[in-house]
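So, here's a batch of structures to check.
The two complexes that follow have subunit A in common; it is paired with subunit B in the first and with subunit C in the second.
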Partner chain A sequence: MTDTAVESRREARSAGPAPPLRPQNRQFAVLAVLVLLAIPLPLILPSAQGAVAVRILIFLIMAVGWNIMSGFGGMFSFGHAAYFGLGAYTSAYLLVEHGVSPWVGMAAGMVVAAAVAMVIGYFSFRYDLKGAYFALATFAFAEMLRLVTTSSDAVNGAVGYQVPLIQGSSVWQMQFPAGSPAYFWIALVLAGGAVALSILFRHSPAGRYVVAIRDDELAAASVGAPVMRHKLLTVALSGAITAVAGAFYTQYYLFIDPQLAFGSSVSIEAIVTAVIGGIGTIWGPVVGAVIVGSLADVTATLLATPPEFLSFLQGRSGLDVILYAVMLILIVRLMPKGIFGTLADKFSERRRR
Partner chain B sequence: MTATIDTDAPETRAPSATLAVLKRAGVVGALVAAAIAVALIQSGSGIVVWQSVVTGLLTGGLYGLIAMGLTLIFGVLDIVNFAHGALLAVAMFLSFGVVQATGLHPYLTMLVTVPALFLVGVLVHRGLLSGSGGATLENQLLITLGLSLLLENGLLLFFGAEPKNVGLPGETHLDVFGAVVAGSRLYAFAGAVALGLVLYWMLQHTRLGTAIRAVASNGPGAELVGINVRRIHTLTFAIGAACAGAAAALAVPLLSVTPTLGEQFNITAFVVVVLGGMGNVVGALVGGLLIGLVEQLTTIYLDGQSSLLGVFVVFVLVLFLRPQGLFGRRT
Partner chain C sequence: MSLLELSGVDKKFRGLHALSDVEMSVSEGEIVGVIGPNGAGKTTLFNVICGALKPDSGSVRFAGTDVTGRKPETIARRGMVRTFQLMRPFASMTVAENVSLAAQHHTRGAERLRDRAMEVVERVGLEEWAHRPATELPTAGLKRLELARALAARPRVLLLDEVLAGLLPAEREPVLDLLAELREQDGTTLVFIEHIMAAVMRLSDRVLVLDQGAVLATGTPDEVTADPRVIDAYLGEEPTPHADA
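What follows is the complex of A and B.
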């Protein structure tokens, strides 16, 4: 997809003595600048917008996770709610039932999600499920997890978990007073880490293999790429990152139930965010998260005090989803590389001229 | 993909293939018999199991009808239509609205929902899915996903989430060898089977049906002999959508009408489509009956679990072991 490596080499030859940064270093530099710029945000923004900012970061982590498997790897997952939910439930279970720190719970959730992703992946690849069949299989697994948690008393069934409140604040318990900027900073670190991982992965041998396998599996296999191993590695990484979003979600909203954790809307949010931003690009999920994450708030404000011609919609729900559904359709029809992908193409075209 | 809209007419099918289908039907029948036997042992009550079997089969007929539209679209256009459930919901609201406004018998609203959904199908295919933007499988998935979100939330926005009910005038309850069956359920089943047969007849014995089968089995070849492939694609999509319209009118007395009711039917319909073999209309009907049974038997086997769990277990097994469906052939 991105031939930036070739491009930069070509530029290096023509541009003379100062070789440009390697693409991953350039991307790391951009990431560092973005994170630094974001740090003061919770201190500037009013608290309602601060909550939106945290939601954007949660979407961001989910979309980065989805993008690794489905964008770079081309394995179209319709069931990322499975990994989000496993992250959320593992950390919530360990915290509520055994008093384990959410940080440890998060790590455990990552391991569980990665393992489940590998099992699902192994069977799907072993039985050669492709395209729509693969999407349906991933969807089925997520739904099965939702149904099983809903009816399992061991994890509180349909009631879910409430995170026990503590006095004051504690980094180790990942709990702060409501509206504290610390939540944003933790989410920022996690999201920054997720993007950094996705940059590392994209430029690692495994990432290159997986992109090659996505573009032409037969060709990649015939030159000796270990297809199964790299696909499994990709789904494991993707599942682990998505689990982080789930674990953090539980800590931030202090509540999780089967529908919030494993519901199909979670999978859809991950997909829509990545696709609107730009599927298979590093920055697409970031752009998409800013748009999708803030939409709900924008429409809520709009519907709370609607302008004259929209007054019949007052107090109704669903408008935000309608907007992102329209955006999804338009983007897939008109700019299939997403907002970031299309802009990046335009930009590099102009530079080449 | 396995596009098998019964491309081989019965007379051209080799005897060995017929035998294979019979054999598979036998295996499936044996499995069903075993499942029922286990349910009998588990519950220890014949009447409970019989009631489940009857309810399962009757509900399954409805699943089959909904899945027929989906399987037709998949077999001919290779499109996994995630918006099928949302189209069903739209048709239900339409049917509900017509009953409210005119006091028409719910089943007669089919006269409105079928043409309306046909038209919607034409518009969706021409406007969203045909052409280069809808070319790849991922794009089609995403577009139909977006459409389903759009339709469901549009209904939610305009009509709200509170469920609406349409009663069947003169609703009766029948006794089928000890099992109690609501009349509406029985009529819906009969309607589903009848519509399935009409669809099958249309595919096998009309010019349009022949053209659809030709496009399904070999698009470029059909183009070469003068079939307008794009037109057939649009018509097929529209017929598939119209099936959802028909199913809606039949099912509206049975269900609470909510904006998100399509979701659960969508899931079941996909399972049925894969089970029956993607593109196989008769397979969809049989698959629907089986899934209806599986749902009911699950509630007997696993007390307290959702009936959908058994459906998903069957789904995953079929996806892994027989992705071409029970009655399809491996390609």
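What follows is the complex of A and C.
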């Protein structure tokens, strides 16, 4: 027997146990525990931190949405603000102009975002836009929506929409007194639902096809994976989930305008969150959201009331973007698969030995 | 009646005539070897048959229907499945996951899918690697994975692009036995591109010789190897070992 044969025999023997047949079961269990642990948070945390917690959940939903298309699907989007904004604007428009409940508006926003994602997707895939070209196309589309809403009187132009205030609180109107824990709980249900959907999708036959198509499109097609259909499904799901974040954002902050909805910083936040946590993993967006969401708050506080030695920061803006950039560079250099992705790899390697 | 039939298939890459007026016909249950020098157009032929490339002209018929220019997934689902000469594993998946993905279009349910995949993994002798990342496989393992994945898709016609390349002589035997068994037990029709003449002679009912994109000869292995034109174009010189092998 040759050396390599002996070696490969020895290596193979360390192959380790078969993975669980349904890995999603464990993931659902972890999710349930996380949600249960999070429920009392708004009652424990001081109200300023409660607001940070809601912000984290919004980041989480955005990152889960982005991760489905760009992580699982490998189609790098630089324009998820488009779907966030469509969710925000659809629900705001329906509420302000027609008195439609934000819940219905959110569902409508999901449908609109999914439909738009499929149209953009269809043409991008049809004409084989990939990599940087695809990213540019998504960016251009989000920018276009920003410009169109800014200049369109039908949706209040640059002024945007203010959510009409009601007396007291109403679940149906998704409105509560400022600082109410109900906002957090609603965001928690939405974020938990988004993660659950992403677990379900990842381990479904369709989700496995999507990952195979990402890994090698021709090889996947050659064993019967319907490529176009699965790419469209992926972008639709991704857009719909991201729209949820937009619709909730509008209700929570009671205000939306073209820049907040379609601005490139929204796209960047979705990307940075998922990349820092770990692209293409279930928990990456969760880990990323906790980190990026908290940091966003720290930078905001720093800019508003800087300590003595940083007084030059007073009233400036853009610190968060600089921080994102620094974190991105560090993560890409030190942990290329993101925090969760890298740790999970380390762990599974050790277990196999 | 033939199961797979090509007529007048032509394919040009810019100036290069990769396939010119190729006629080919494969009957159900037949084993056809495809030989020819490097760059003869053998892989291009598979690409055209399986929908990875559209021919400039000519037609590909499979099981009585015209599949010319159809999508690869459509052709695969109808039962014509190919392997890749340059192996293309799904890099994020384990060996077993690679295989189970190919069975997905005809098998539902986690248990049944796993069982089906493991059956195939064992059949090609990769069971010790089943739960390791596919990218950790050595070349010989990747070749087997190509075969396993194609088998898991339940081919009626299996098109193999140099599955023996890169295997040690001792490793070739079980693969050759498996291919023979596929025809006997499963009734699979095989078309295989191969440079190793011993394998071609042993397995093929018929051999098709490609040279510079054109069919130089077809016939039984003995007829073809005795053909002076074939000796001249291909057999005279030692087949060049492959860069990717």
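By definition in this document, the second predicted complex is superposed on the first by the 315 of 353 C-alpha atoms of A that agree within 3 Å, B and C clash if a C-alpha of one lies under 4 Å from a C-alpha of the other, contacts with A are read in each partner's own complex, and residues count from 1 in each chain.
Convention: a contact is a pair of C-beta atoms (placed from the backbone, for glycine too) under 8 Å apart; a residue touches a chain by one contact, two chains touch by 3 or more.
Here the structure is a predicted model, which means the values were calculated and not measured.
After lining up the shared chain so the two structures overlap, which partner does A:Ala81 touch, if you call subunit B first and subunit C second: first, second, both or neither?
The answer is neither, since A:Ala81 touches no partner chain.
Contact-wise, after the overlay, does A:Val64 reach subunit B, subunit C, both or neither (first, second, both, neither)?
neither
Pick one for A:Leu319: touches subunit B only (first), subunit C only (second), both, or neither.
The answer is first: A:Leu319 touches subunit B but not subunit C.
Thinking of the overlay built on chain A, is A:Leu295 touched by subunit B (first), by subunit C (second), by both, or by neither?
neither
Go through the superposed model and pick first if A:Val52 touches only subunit B, second if only subunit C, both, or neither.
Neither partner.
Is A:Glu143 touching anything from subunit B or subunit C once the two structures are fitted on A? First, second, both or neither.
Once the two structures are laid over each other on A, A:Glu143 reaches subunit B alone.
Between subunit B and subunit C, whom does A:Ser264 touch in the aligned arrangement: first, second, both, or neither?
A:Ser264: touches subunit B, not subunit C.
Considering only touches as defined above, state whether A:Met110 meets subunit B (first), subunit C (second), both or neither.
Neither: A:Met110 stays clear of subunit B and subunit C.
Which positions of subunit A sit in both the subunit B and the subunit C interface?
none
Name, in rising order, each residue of subunit A that touches subunit C in their complex.
Residue positions touching the partner: 2, 4-5, 8-9, 11-13, 15-19, 21-22, 205, 208-209, 211-212, 214-216, 218-227, 280, 352.
Would you pull the subunit B residues touching subunit A in the complex into a rising list?
Per the touch definition, subunit B meets subunit A at residues 74, 80, 128, 133-134, 137-139, 141-143, 145-147, 149-150, 152-154, 156-158, 160-161, 259, 263, 267, 270, 274, 304-306, 308-309, 312-313, 315-316, 319-321, 323.
Residues of subunit A touching subunit B in their complex?
76, 78, 123-124, 127, 129, 131-133, 135-137, 139-141, 143-144, 147-148, 150-151, 264, 268, 271-272, 275, 279, 313, 316-319, 321-322, 324-326, 328-329, 332-334, 336
Which positions of subunit C touch subunit A when the two form their complex?
50-52, 71-73, 76-77, 81-82, 84, 88-94, 96-97, 101-102, 104-105, 108, 110-111, 114, 128-132, 136, 138, 141, 149-150, 152-153, 168
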